[in-house]
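Below, chain A partners chain B and then partners chain C, in two separate complexes.
Now for the complex of A and B:
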């Protein structure tokens, strides 16, 4: 099968980056959520002085430590890949990403690492209060680490606060605060971290359900369930709000991604949301085929989601590819023409600089400013290249939303039965609680697949396609490291699961 | 304690593989390796990004 797939160098590099990012994101969201849960548990211990809560805190902290230890530094591999496989891209964004990633390194990582040592090894060496403070700092530091990388990702989705300098071939930051507080960066951070809180809650609830099924460590399991299900419900509510905000931001800043994730080809006023559907994979922009083999629609909901107005117009793929004068939408074809002018102006600028003709250089650079926002379209050969893979975006979005809707219902039922102290008798619900752990990971991965596949073909939205962002390497080199990573990460995942399973089986230390 | 030792071992082996093997042998920085100064790197990237797909 593999030889039938056209995986050229750039696609191998994309596959390798996707593999690394997806494995990395197995470890990260649990760290984000479990760190706060451990802080809650320890806060209760410090407040009540009850040793049972200390035992409980130490148990979940051990699981947090295992996940942290195995996952730590897996993200650095992505930086290796930037330098090797994506050298054009990494050179061009160096000025933008340098600041947020440096802040991460100096501030968040050291905050996390310093207090991490106190949290794990300081139980009998520092006061209760300082230990608790350290645990909270680990939670805050972990989440701050995520902030900076998500700001960088947000910028790739919606490049702002910068200007392209042709002399250095770099996007140079003009306004740090515009980059940090870009609406896409904010919605990325809030949605990704809150979904991590939810996953942490599902993890604690799911394992506690297993203990109840096994009739072991029941007091600890019940206490853990109460705290984690309340935190999970609050997080799920927040995930809903941030998800809504993320969808609104996508609609405003990346309308093509919204159209793809909903399989919307022809724009509509009062556009319906496709709640479930089977995509017609043969459908192409501009043809007469139906986009779905079957679908269930909710009238007006997509317009409400996209523009906060159920009667508003939502552009479809065809509007964005071919343009829609009535709705004042510029099509990809027109953007391609503008993009080619932008690239031509850059070449003229460079040649004028070389020949010492400053007047032409200045005029070219000034004119380039008017075309810069469509610069990336100049690399496309046809307007349909601006369309991301619709099927993947559609299914990823719907898997994320459907699983995301199941979690609060399960958590609510678990909390309800636990408050009535009858949860241990609801075997079906305990199994469902356990099932929510893998489903939580599926939901997390689906979210990132949507975010990254949905913005194709761009490495930097509208400015740099992935085909231009990569290095001049052979696919053999990238293939080798792809399979190397596949092996290493799979081993790490096996180690994670087996060590976690062993520790869960042992349970909390006995008094 | 046994788990702790195992985790430390995993951390060190992982970091060794990442920095002493992968980074050194498989992931050289393309621009650092092939060009001697920033001016050359900028010129190389500029040429790459101003080349249209049909010219490649």
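Now for the complex of A and C:
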């Protein structure tokens, strides 16, 4: 299985997946959040019967539609890219991974697709109540689709509810509920959707701040700000709690990712959290260099975050690579040796089955059972390959957290001044509100970079490295599609931003 | 009850479900067919806007059905998903590409400052309706003509041609199936617009266009059908699972399974009836008969490929690498779990039908395009 690896091709396939996923994630979180905000606005309209709320709803709905279309366009490739570029992965885990994708289609996408048409074209065709119901269904559908895809992603981070079948050479599902209710899947879903609510709120607040600065559409802007800043604040609180939970599950299920995102090489008890730091990029596992050129630490906080106990031990990269007997940690080095034995036994088993030698087949299968837990490590050649890119993981994590901490403060101030009705005079705050839109997007992207780069070198954590998960393609082929997607998505993004900017400039219809 | 179904029954059920989703997709390509009419049928911007707005309320259903088709195949027949998408890379990538450009076109075409200009977005819609559907047809054609790939003992696919699936379009059978689907989609598109739009001169032109497209589709349909009856097929031995070539395999499948034969004949009759009442009797409801007929023919074609010990994704390069519903399916457990999930499909179809009725009870008029909701229109 190893002889076919073409590293350039794997890296182009990774680049392509990263490109398409990152583009897709520009549009998804706004859909998640703005769909609910539009539903709130329309609910207020239906309750009050006030036509100004209807105009306000329609304005935000127009922006929602522009963003939604490109979200759909960038999404379809994701559904098929597992097959096109990660076909070995698709075969090895399709028995588990395919299910949530199919469920997503049945339960979520049709809700969105069906009710989207009512939302936009049903104003005069269906009753007020049914229209409102449709708007809510689009919001529910969007967020349900996030549930299923995050269940799938959660499973890649923490594979559960399955067994390896040596005859088919794949993993097979044993328990659907374990896959669905895996702690990683749940924390991913709650964290990602609430961050989407927050981004939607920042978007509405930021644009409304611009109107206040321009002294245009002020009533509409103030109304939007009230609803969106309350929703944003609630969401931000929830983002904080679910973020803490996400970090805890990472520590429990993916200790290497935690060590990388904190730049922690030597594990320690009462481990400090690096609040900010400059990574020493020359540092390698096992050498004597300092991991940071400079850093600011908060004592005991990492242990608290990782294990909910400030005095607990948090393993570092060196412990996970070379092992730590004292803490009963088996290192990647030892796992690789066991994994290579597992792969050899699997090969012997398959050959014996083919030649009909039942005795050898039985013996190798039995022995394989003792080693299969580390089978994935057998594909690695050196223990340092088990370490994800520390710098990217570290900076992505810290950018996400720092930007994430700014948002609730800004929203709180905006809400405070809005309630006192003096927001329009706080120019600095209005600019800050606008700045939060790009910062929100940066935070979102950083979160996914951390999640996926921190998963390296694995496609499925601990079981299947990306180097074995890919399709048998030439790097030229993948490079070509990479640039095709880069080109078309960039063109479409420019079109989207240009259309959005124009619509924002036009603003809502005034009475 | 579902928990007690044996493995082979589940594999058959899932081939039926996948076939149904695939056939519904082919019906829903009336959207793509309608998109190709944009450059010929309307004579003014208003008429063009009617067509775009009519199709614009349905395009997401087609799109979503395609996505579900992919998802259902991934969940139920992961070896097909891995082999075909990873192997026939270019043909699938180009198909997806045409759907990517479709997805923004309705929303962006008329918006000010849309960067690429309306004509570009209209061209995107045309490419999706023509090239996209043609390639889908060619890819489905390989269910019968086979592809050049091999699988190793770990089921990893190696494709034997550098064209990565595009070679399918060089085969006359596959090409004919693709062209048939393109023209059939145009027939369906015209019928849908006739049903959905209230504009006499425009719908009259749609009737003429439906008849022309139907005539164009006939030679390709006949070529496909006649070949299907006489071509060699990829049979699988029920005892050993060994794959071998058998002459008249699909004819045997047809005769051996009266349901498939019935579906095919009934489907063709429905389509012909629909064309007749649309083009010569001035009726507006042809789409329902044409749509149902298309679904039935689609089911028959997929059943021919998958049932009665036939390899549905055959390899002409290495017969034993061919995929059957038995060797390509998910595990017994996953198929059982997914069958429970599939119980919700009638519910989903019901709410789609309900919303469709609610939205389409009044036909689209130019007056509506200019109403107070004009800014929402495409």
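Note that the second predicted complex is superposed on the first by the 492 of 511 C-alpha atoms of A that agree within 3 Å, B and C clash if a C-alpha of one lies under 4 Å from a C-alpha of the other, contacts with A are read in each partner's own complex, and residues count from 1 in each chain.
One rule holds in what follows: a contact is a pair of C-beta atoms (placed from the backbone, for glycine too) under 8 Å apart; a residue touches a chain by one contact, two chains touch by 3 or more.
This one's a predicted model, so the numbers in the text were calculated from it and none came from an experiment.
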Determine, for the superposed arrangement built on chain A, whether chain B and chain C clash or fit.
clash
State whether A:69 touches chain B only (first), chain C only (second), both chains, or neither.
both
Using the touch definition from the top, say if A:340 reaches chain B (first), chain C (second), both or neither.
first
Mind working out whether A:397 is in touch with chain B, chain C, both or neither, as first, second, both or neither?
neither
Regarding the shared-chain residue A:60, is it in contact with chain B (first), chain C (second), both, or neither?
neither
I'd like to know which partner A:166 touches here: chain B for first, chain C for second, both or neither.
first
Let me test your reading of the model: by the given contact rule, A:464 touches which partner, first (chain B), second (chain C), both or neither?
first
Is it chain B or chain C that touches the larger share of residues in chain A?
C
Looking at A:503, would you say it contacts chain B, chain C, both, or neither? Reply first, second, both or neither.
both
By the touch definition at the top of the document, which applies to A:381: first (chain B), second (chain C), both, or neither?
first
Intersection of the chain A residues that touch chain B with those that touch chain C
62, 65-66, 69-70, 72-73, 76-77, 80, 83-85, 87-88, 91, 168-170, 350, 471-473, 477, 481, 484, 488, 492, 495, 499, 502-503
Taking the touch rule as given, give the residues of chain A at its contact with chain B in the complex, in rising order.
62, 65-66, 69-70, 72-73, 76-77, 80-81, 83-85, 87-88, 91-92, 166-170, 340, 343, 346-347, 350, 378-381, 464, 467-468, 471-473, 477, 480-481, 484, 488, 492, 495, 499, 502-503
Considering only the defined contacts, which chain C positions touch chain A in the complex?
53, 56-58, 60-61, 63-64, 66-68, 70-76, 78-79, 81-87, 89-90, 92-93, 96-97, 99-104, 106-108, 111-116, 153-159, 164, 330-331, 333-334, 337-338, 341-342, 344-345, 348, 351-352, 355, 358-359, 361-362, 368, 371-373, 375-377
State the interface residues of chain B toward chain A in the complex, per the touch definition above.
3, 6-8, 10-11, 14-15, 17-18, 22-23, 26-32, 38, 41-43, 45-46, 48-50, 52-54
Listed in rising order, chain A residues that touch chain C in their complex are 1, 4, 58, 62, 65-66, 68-70, 72-74, 76-77, 79-80, 82-88, 90-91, 94-99, 101-107, 109-110, 112-118, 120-126, 130, 134, 165, 168-170, 172-174, 176, 350, 354, 471-473, 477, 481, 484, 488, 491-492, 494-496, 498-499, 501-503, 506, 509
